[in-house]
Structures are given as structure tokens and as C-alpha cells.
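What follows is subunit A paired twice: with subunit B in the first complex and subunit C in the second.
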Partner chain A sequence: MTSVPAPVEPATRPGRPAPGRPGPRRRGLHGRGLIPLLLGPSVLLIVVFVVAPAVYGLYLSLTNTQLTGFAARDPQFVGLENFRTLLGSDDFLASLGRTGQFVLFSAIIGQTVLGMLAALLLRRTWLRGKGVFGAAILLPMVVPEVVAALTWASVLSSSEDGTFNRLIGLFGGAAAAPLQEWPMLSIVIVNIWRGIAFAMIMFQAALEDVPDELIEASRVDGASATQVFRYVTLPLIRGPIFLYLLLTTITTVGVFGLVYFLTQGGPGSATELTSIFIFQRAFQYSQIGLGSAASVILLALLMVLGLTYVRLTKVEV
Partner chain B sequence: MKRSRVLLAVATAALLTGVLAACSDGDDTAGGDDGPVTIRLLEYQQARADAVEPHLAAFEQAMAEQGRDIEVELIVDPLTDEQFRTKITQQFHSGTAPDVIDMGSTHVTGFAGAGYLLELDEYLDEWDTWGEYFDPVKDAARQVDGHFYAVPHEANVQSLFYRKDVLEQLGVDTSQPQTWDDLIARLEQVTAQTGEPSIVIPAGTAWGGGTWTEGFLPIAAGTGSTFYDEETGRWTLESEGLTASFDLYARLVEAGLMPVQDLLNPNPWEPTKYVRFPEGTMPVAAQGTWGWRYDWGPEGTAPIEDVQQKVGTWDYPALVPGTEPYSISGGGFVYAINAETEHAEAAMELAKWLSEGTAAAEQLAAIGAAAPHPGIADIEPYASDPSLLDAEEKVRTGIRAPFGDGADQVSQAVQSATEAILLGDADGEQAASAFAEEAAELLGDALVEQ
Partner chain C sequence: MTTVVQRGLQYALLTMLALFCLVPFAWVALSAIDAQAGPTVSAPAFSLENFTRFFTNADTPRLLLNSLIISVAATALNLACGLLGGYALARFRFRGRSFFMFSILLIRVIPAPATIVALYLLMVRMNLDDSYLGLILVEAAAALPVTLWLLKGTIDAIPFELEEAAWMDGNTRLGALRRVVFPLLGPGLGAAAMLTFMAVWGDFLTPLVLLQSPDLYPLSIGLFRAFSAFNQVDWGVLAASAVIYMVPPAILYAVLRRHLLKSSLGGAIKG
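Then we have the complex of A and B:
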């Protein structure tokens, strides 16, 4: 196995105080309490809108709270019963499996690989029409989630008027029903389409930081384009790549609207991701306690995954 | 240092005030009991909003003549049934629901049970018209705790609607089928000639609650098996009738008589009830009374020209030996009052006003529903609609769909089990077994007959 050299960081940067030696200005700000004043609103918002709901969700997960029915009047503390139920539920475990597949194929493989290819292409000096190409890639990110989902629902419609069926009709193919016949593949493709722009932006920014001198030196030494990318570029942008993987994993696990408006988790439960399982349990079946427990399990899994990424790459987050 | 802390406190307080202001409803129109009273009425179907709006000014005028200053604010929020249920549940839970909500009666049990709706027994006892309501409508409105939480303003009869013109053209018998075997034989005749599915009965998860109220429940209710025991408040999840009902779905799917692909798509009612039935390529549909107007009437979503001549209705055929064809009532809309309203009396006055007289007659004719009491039969335009008057007659004589606490959970299990049939993952018996297992898990021991 080839060892990967760590990216070189300058000891200090011009205009920046050395570590451990706070400048007089920093001390002054701290002394006047400006930092707490500036951070206060953010901290307050995080506490009110993130921490408090999470704590309340944790509390709900330990109860049998329902939103409708006579049982809703008198919720009981049930300890870990909801967690026992979920971890013994084939439906929940299957939804976790589907979520894993969705993240792996759409985010980790699809968005990352295609985003990287797009970013590399945009660095090519010979490429014409970069603006158009970049805009085309960015467009899916700009479109609101519901609009994107409904647009794809129209494209993949099983009717003969659907865009996909019209296209295959041009080649003599029979009408298909992609959302019924290949539901997971369909939502993977749609999510790749939607997420590729963010990957491209992240990787473009990372590639900008790769010194041209290193690339040129490798080429002078006879490295092929693939070798330059594999042994020079990739190690230098490893941090941003793993940071992207962390972010895209978290956001993809939370994808709801895009899939819900396309398939509602169906057919059957073929695209019932954990986010949809939670929505159904909490709001359609009104079992908010059980839904909260599923959310807590998902949060715990994401934290483990996130910490693993951070540990593996020593990314600063 | 002190100054900075003061600054910090002021900034925090300002932010908190802003946050709280943003979170608040921002609408104090409910006001106190002094001065004018504003009642917020929610309609989540555009056609119902259009039907009710012209009567609100007359209501305000009538109240003014009684010396009561009541204004009605109509909130129109077009949603599907599932979207409505999800949204209003959150509004009830957060205390932001409107005063009066026009909703399907199937939602009432869950909301009443949770304490979101005002108990109306005293108000109804003092209302003369309530004494005239048809007994099946009253029975259906009474909740498992014996109390009433909504004012029914319409009644619905679930039937099998069929295209007379199409069946006659295909040479298929249009008389009342006595058994499902009889009907299936006719449907096979149709499909053999057209190559298309010939009947739609709501099924699967995409149809949401309709799979339960318009699809499965009317079939299961006619089998004679006990599904819900009102005395014990428990559901019986395994019975001959339930298995026969799931088996019927499986037979229809296996024979290619149901539009499986359409039922698996989101909004499955669009290609079936709004396209195939109106164009005549799928000539039979399980449907409530509202089909006459709301779906296929001249102002409906998918109008059928001369609908009264081209469309007829059958009662549900007998499914198990020893039963007869039957019509089934239930599922009409009701006015429910938010338990937290500050103006309960005014809200009740509005619900009563809209449920009788010309206001009711015009709404019933616009939506396509039967009257829940006999006092409307002579009022135009309802009086001139034979299909609605016929439905009203069936309301008195039809069987009643069972409903009780936990119906939402049973509905979900039915949706999953019928979806498995549509996907070819289960036959009738397997679907019945999967239903029993899922429903038991969702309901919990307290609501299941052991």
C-alpha cells in the first residue's frame, strides 16, 4: 500500500499571529465581552431550535405519546420499550438498510465521483463554455426540492406522455414505469442529479488550493494524468473530500421531500428510507413516541458515522 | 465589563422577543367575549369552500338580527385527505387550529379521542333538528365514549358506480349483481373485450385513507364478521370476513381486472377516477355519493356529460355465503369544533346554520351528498336531484361501517396489506395474516380482541 503524504501547511501565515500568542486586538475584544455578544444570538438560536427540540425528542422517545386517539390523552413513560420495538422490527431495520444503500450509491459514489469529474473538467483550460457547463450543473441545486421532485415525477411518469417514455419511444422502446420497476435506482439518480453541484463546488474550491508547481513538477517527472491525480492531487485534497463525505452523508440520510414526493416510500416499501419511516410512524400513524425513538437511533448512527469520518481523516469540524 | 453584560442582556432579550413574536400566531381575531366575535372556519377542499362561502354573509346577517356580532373568516387550504390530517393534527397539537373544521367523519374518532374536539352533547340536545337526524347518521357520529364531537352535515352512501352506456355497448349485463362471482364474471367479459382493467377499488398506500374508507371497509363490513366491537372497544383482526375481503382483492388483481400500475402511483385516483372511468375504458368504480357531483358532475373534477343517464350504481354484491347485496353508509363530512375555541357557542351556531335549510341544500347539491336528516328533501336544488334523494333513502336502510378508536392504525395496516397484493407479494390469506400482525402491533393489546 502506498503511504499518502500529509498536505504541507505553512507554519505561519502573513498577517496572522503565531499560535499561543494572542495579539492585543483579540484580547481587547475578549475583554470588552464582544465575543459573547456576537456568539450569544447564535448560541441562543441553536439552543432554542436545535438542542431543546433534540432533548424533547429524546424525552418523547421514552414515552408512548400519540398524536391522535384516546391513548393520546395519557402518555406513559415506557423506558426503552420503543427502542426494543424498533430494533426488533424488520420494517425499521429494512429502512435503515435502504437508507444505507441510498447514501452509498447516490451520495458517496454518485455525487462524489461525478462532482469530482465536473470539478476537474472545469479546471481544464481547453474546455469551452465553462459558464454554461457550470450553470447546468448548478441548476438542480437552485431548484426547490418539491419542484425538483414533481419535475422528476413527470419525467419518470408511467404514462406514455412522460418525458422518459417519450424518449425511449423515439428508439422504438415500449413505455416503462421507472418509479415502479426500478424505484431505488430512480431515486438514486434523482439525488445524484440534485447533489452533484454541491460536490462540484466543494471540490473546485479544494482543487484551487493545489499548487500548480506540484502538478507541473510531477508531469516533468513523467507522471501520467491519472498518476498526478492519484498521487499528488488526491492526497492534497483528502481533507475536503472527507469533509464533503461527512456533510453529504448527513444531508442524504435526512433526505425526505425529494423521495416522498416521488414515491411516498413505495411501491410497497421499496423506497421507504428511514426518514420516511419516521414521518409515517410519527405523523401518519400518529405514534410520535415511536417516531422520536427512530429519530434518536438515526441520530446516534449518524454521530458514530460522523466521528468515524473525523477520526479517519482528522478533519477539523 | 458591566456595560458589555447590559448590552448582552439587551441583545438577548430583543432576540428572544423577536423569536417569540415570530412563533406566536400573530392573529388575535379570536378576541375575548366582549365586542365582535370572529370564527375561523377551515375548508380543505376547494369545492366545499366555494359551496359554503355564499352562505357566510347570510349567517352573519341572521346573527346580527339576533343581536350577536359574529363574523366568519373562511380559511381555504386545499389539501388531500392525508395532507389535511397531518397538518391539522399539528395545528391541534400546537394550539393553532381554527375554531370550526369541516372534515371527513373518519377523522373525528382520532381527534376526539385525543381531546382536540369539543364535546357537543349539550348543544345538540338543545337543537331541534338534531332530534330529526337519521338514526344511522347519529349512530355513526357517536364516539366510543358515547359522546358526540361533530355535527354531521351530510351523509354518504358507498356504492359501485358503473358506466351503463359502456356496459350496454359491450353487451354486459347491467342488473344488480348478486354475488362477487357474478360481478367478476362480468368484469372478465369487459376486460376480454377491451384488454384493459375494468374496475377500480381503492387499494395500496398511495390512496391513503381512501383505501380504508372507500375500498376495504365497505367490502369487509358486508361480510357479517365482527370487525369492531363497540361494547368492548376492541378490533377483531382475524376473521372469515377479513380473509374473504383480502382474497377478493387478490382475485381481482390476479385476473388483471384492477389497474395495478395506476394504484401504485402517487395520486392513483387521477388516472382511474378522473381519466379511465370518465372516458369509459374502466367502467366500474367503488365510489361514494359525491361521485355524482364532486368527481363527475358538470362542475366536477372530471365531468361526464349526461352523467345521470350514463352512470348507474350497484349495491355491493354478497361476498360470503349467507349474505345479501347491500349498500353502506358513512364517511360524510362533519363540522367539528376546536376544543380550545374561545367562542364555542358562536362556532356551534355556525355549524348548525350550515347543516340545515337552504345553506345545507345548496352545499349537498354542489358536493353530491345525501342529507343527514329529512328536513332538506324539499329544499331546492337538493330536492331536484334524484340520485341524491335515492342515496338519502339508502342512508336510512344501508348497513353502517364500523368505526372506533384505533381506526387510523387499522387503516394503515389495510393499506400495507393491499399494497402487498398489488405488488404480487401476497395472496389473500397472506395479506390477511400480514394485516393482523401489523394492525396488532400498531394498535397495542388494549384495542385488540385477544
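Then we have the complex of A and C:
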């Protein structure tokens, strides 16, 4: 058996399709006639509830649709008016800027650095209690968004008994109201907290592929731990890191509940990320057209990132 | 000597990181069992009264029931569609297959807030807003791309010969799918079920926008409403609700964690 060359094998059993590549076989319920039946429900659901809203949103962004009032009954086609309004609106541009800051500081810097730190530390062979440490770090990611926000509401409470204020008190600081005084910093920290685990998982998987011998060899050659990380480990996991950065950017742009629950965009509009801007324009000021146009701009920015993501991962279909 | 210091420092760093992750939960954990719970951490006067009140209040048990109805139904629908679709994608080569797979991968890039406005209006036009059915359909569809990719990959790994053998024994293609492929899905199906269930269970934005009747609110919205009712927040019940809200995902996570981490689902876990 072992002497038979692999490519010949399929021919020895006529009619046997190559693995995972069955050709058209029988008729009716045995063959390709099944495809619409099998794939139909999925396609229908995705088209109606995911694709259609995206397309409809594109159309709405060109109208002055409102939830209430005259325009609600008779929406007009207004061309690019909404886009002109938005791109000239300080409110919207500021919200884009806040989303940019939020992504940069919480995801790209905070989660990445702390996630990498956790992944590296948990790889130490002498470390005891890996399971406990790992579980503690995973917890913020696996609880529902609303619970995550609720836990931080008590930490950041402006009352003197708030966990943060007690901690500050230990070091002799005066009580503060973090969500009012440093709202942006507060939500950045909350989002770092929630995302460390995801970064850690991604980096742990990447670090698995770095051969231990390589690291030992560099240590023997006299490289310090920092040098090993900088010149050996980091170049080897550059790909996964880049993929992670794109994934977390995309997810962080879509963060809504975590921030909305805590601040509802306030105080003033200090934490009004673009996701919250869209929600408030559309559902609180009932300007559906304007909200849709803001969504389209956000999507356009993300699509560029998304295409890069698919390119970079080079997924086999 | 230096190694001891270095190891000590690394333990300290890791402990600080773990504390940072755990400390925020103190309030929820302590207040849930505190008869006199307030908005901040305090030593609890131990009692399970908050949980009793959660289950005997007029409206809170309803929240749990709604969450269960929506999540279980959406997960079931999602898995049923995903199983059939994943099978087609794994076992047939047809035109547009690659395009379809890539398109649904790209869908994962669209953040929910970017399509929620149009989705709401569309649901109003279809008379599906403010109903279980509408929300279930939306949630099932939103998680389908990940489910399809996962199950397609799982079915790819099941030898085609097994199915052929079942055909020889007189099964129809669908019969073989049910009797041979389905029992072998194991971890893949478990992972898909867990990811979908957790996504639906934790979703906040979609029910916030689609549901207006308090009768239909799931726990996520119920918690938000209870928290934003500034003057009359019942902190004890709020904390107890949060604990109850965390139980199903925690159980699922504990049961399926090994499978999940094994099947390198990095990109699919978050969100």
C-alpha cells in the first residue's frame, strides 16, 4: 500500500470525488438541486436583515427622512445635502475625532500593551497559578456589556465611597467624580479593561509559534530579555499583531453600549463617540437621514480597513 | 538572587493586572447579597433577599424569561440555518461560493451602530419592530456569518466517505446529513452555539432600538432602565439581576471553553 503514489489513489476507486470536492453526483435530493434548499434560509436571513439595512441606509442618507413631523410623512430626496451638513458640522467631526482617540488610546495602545504583557508573563514556565490569573483576565471579556458598564459605574461613582475614590483616598488624594472630570480617560480605561483578554488570547496564539530554541539561543548569546523581545520575538509575530490591531480597531469603532450606559455621551458631548452621535441624531432628534449619512461615512472609513483585513489574513475559501 | 527579584516583580505585575480586572466586580458580587445595598461597595449584611425579590417582583422575572426566549430561539434558528448552509458551502462547489464566503466575512466588519438606523426603519415597514419575532430574526442573521464559517470548517473536516457509506445504505442526502454529519459536529457546533448565544444574550443596542414595550425587554435593557431611573434605583435587586444575567454565559463558557480555545477562533470570539 505504502508504495502506491498518492496521486494515483483516487483513480483506483472510480467515481470517488477528491476529498471535499464532490462533483455533481445524483439528481434531486442527492445532488446540486439541494443547494438552494440548504443555503436559501441563510442567504434570505442575511440579505433581508443585514444587507438590506445597509443598502437602505445608503438610500436614507440621501433623503431628509424624519421619525416625526412633516418630513416623516413625505421624505424628500435631498442628494448629498446630509453629507455636506455633516462634513461642515463641528459636532460630527468632533465625534469622529473622539472615536479616533478612543480607538488609539484604549485599543491600539492600552489593550495591546497590557494584552502582550499578560501573554508574555503567562508563558513563563516557572509561573504558578496560570489558570487563576488567566481566568481573572478573561472575566471582563466574557460578561455582558451591560454588566461590564454597571461594575464600572460603582467604581467611578462620584460618591466618596466609590471604589476609585477609596483607592485615591489610600494615597491621600481628594475624592473626585471621574466620569464628570475626566470622562474620556474614564471610558478609555473601561474599554482597556474589557479588551485585555482578547489581545492576550491573540498574542498567546501567536507566541505559541515562536520556537523556544530561538529564544534560548539568543539568551545564551547574551541578549537581555528586552532585546530578545525586540529583535527576536516581535519580528516573528508581526503578522498576528497587525491582524489583531485591525480587528480591535474595527470592534472598538463599534463600541456603543459600554459607553452609552455609563455616560450617554455626556457630560455635554465629552464622550459622544460617532456610534453615539448616530444613535442620538436618529432616535433622539429623529433625524434619520442625517444619522444614516453619518453611518455611511463611518462605514466607508471602516470598509477600507475591512478590505485590508481580508487581504492581510489571506483566508482560504 | 536577581532571578528571585525578577520573578517577584513579574508576579507583582501579573497580580496587579488580575486585580485591575477583578476589582470592578466587587460591587456586583457584594451588593447582590447585601440586604442594605447602596451604589458603592460596602461590607454586606448577608442575605439572599435580593434574589428572592428579583424572582417575586412584578416585572423582573419577565426580563429573564424574555432574555431566554430571545436568545434560545435566535440561537436555534441561527444553528439550523448555519448547519444547512455550512453543509452546502463545504460539500458543493458552485458559482459565487467564494464570493459569498468573502462577502459574509466582510459583513463582520460592519459595526452594529452603523446599520441600526436603517434596520429600525426597515423593521417598522415590515411590521417587525417591537416584537419577539423581529428581534429573533435580526439576532439570528447577525450571528450567521460566524456560524457559517465555523460550521463550514467543521464539516470540511468530516470525511466525505462516511456520508457516501450512508448513501449506500439507502439514506437520502439529507438523511445522511442528519444521521452521520450532525452527530460528528461536536465541538464546532458547540462553539457556534456558544458564540451565538453569548452575542444575543449580551446584545444591548438592537433590543434598545427595536423594542418599545417594557413587556418584551430582555435583561440588558431592563438593567439599563433600572440603572437610569435615578431617584428610585433598587441597588440590591440591580446587583442581583446582574449576577443572574451573568449565570448562563458563565455556565456555557465553563462548559465549552476548552473546545473554543482549541479551535483557534481568535477573530470570532470578540464582538
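The criterion applied here is as follows: the second predicted complex is superposed on the first by the 250 of 317 C-alpha atoms of A that agree within 3 Å, B and C clash if a C-alpha of one lies under 4 Å from a C-alpha of the other, contacts with A are read in each partner's own complex, and residues count from 1 in each chain.
The rule is short, and it goes like this: a residue touches a chain if its C-beta (ideal position, glycine included) is under 8 Å from a C-beta of that chain, and two chains touch if they have at least 3 such contacts.
It should be emphasised that the depicted structure is a prediction, and the values quoted were computed from it without experimental measurement.
**Q** Let me test your reading of the model: by the given contact rule, A:168 touches which partner, first (subunit B), second (subunit C), both or neither?
**A** Once the two structures are laid over each other on A, A:168 reaches no partner at all.
**Q** Once the shared chain is lined up, is A:303 touching subunit B (first), subunit C (second), both, or neither of them?
**A** second
**Q** Touch test for A:196: subunit B only (first), subunit C only (second), both, or neither?
**A** A:196: touches subunit C, not subunit B.
**Q** Of the two partners subunit B and subunit C, indicate the one touching more residues belonging to subunit A.
**A** With both complexes superposed on chain A, more residues of subunit A are touched by C.
**Q** For A:159, select first, second, both or neither according to whether it touches subunit B, subunit C, the two together, or no partner.
**A** So A:159 meets both subunit B and subunit C here.
**Q** Once chain A of both complexes is superposed, is A:268 in touch with subunit B (first), subunit C (second), both, or neither?
**A** The answer is first: A:268 touches subunit B but not subunit C.
**Q** Between subunit B (first) and subunit C (second), which does A:34 come into contact with in this model arrangement: first, second, both, or neither?
**A** It touches subunit B and subunit C both.
**Q** Which of the two partners, first being subunit B and second being subunit C, lies in contact with A:48: first, second, both, or neither?
**A** After superposing on A, A:48 lies in contact with both subunit B and subunit C.
**Q** Going by the contact rule set out at the top, does A:283 touch subunit B (first), subunit C (second), both, or neither?
**A** both
**Q** Both subunit B and subunit C contact which residues of subunit A?
**A** 32, 34, 37, 41, 45, 48, 153, 157, 159, 261, 283
**Q** State the interface residues of subunit A toward subunit C in the complex, per the touch definition above.
**A** Listed in rising order, the residues of subunit A that touch subunit C are 16-17, 19-23, 29-32, 34-35, 37-39, 41-43, 45-46, 48-54, 56-57, 60, 65, 114, 117-118, 121-122, 124, 126-127, 132-133, 136-137, 139-147, 150-155, 157, 159, 161-163, 166, 193, 195-198, 201-202, 205, 243, 247-248, 250-251, 253-254, 256-257, 260-261, 274-276, 278-279, 282-283, 288, 291-292, 295, 298-299, 302-303, 305-307, 309-310, 313, 315, 317.
**Q** Quick check: in the complex, which residue numbers of subunit B touch subunit A?
**A** 1, 4-5, 7-8, 11-12, 15-16, 19, 82, 85-86, 89-90, 93, 109-111, 113-116, 144-145, 204-206, 261, 264-266, 271, 405-406, 408-409, 412, 419-420, 422-423, 425, 442, 444, 446
**Q** In their shared complex, at which residues does subunit C touch subunit A?
**A** 7, 10-11, 13-15, 17-28, 31, 38-42, 77, 80-82, 84-85, 87-94, 97-98, 100-102, 104-107, 109-122, 137-138, 140-142, 144-145, 148, 156, 159-161, 164, 167, 172-174, 198, 201-205, 208-209, 219-220, 223-224, 227, 238, 242, 245-246, 249-250, 253, 261, 264, 266-267, 269-271
**Q** Given the complex with subunit B, which residues does subunit A contribute to the contact?
**A** Touching subunit B from subunit A are residues 32-34, 36-37, 40-41, 44-45, 48, 66-73, 153, 157-159, 177, 179-180, 261-268, 280, 283-287.
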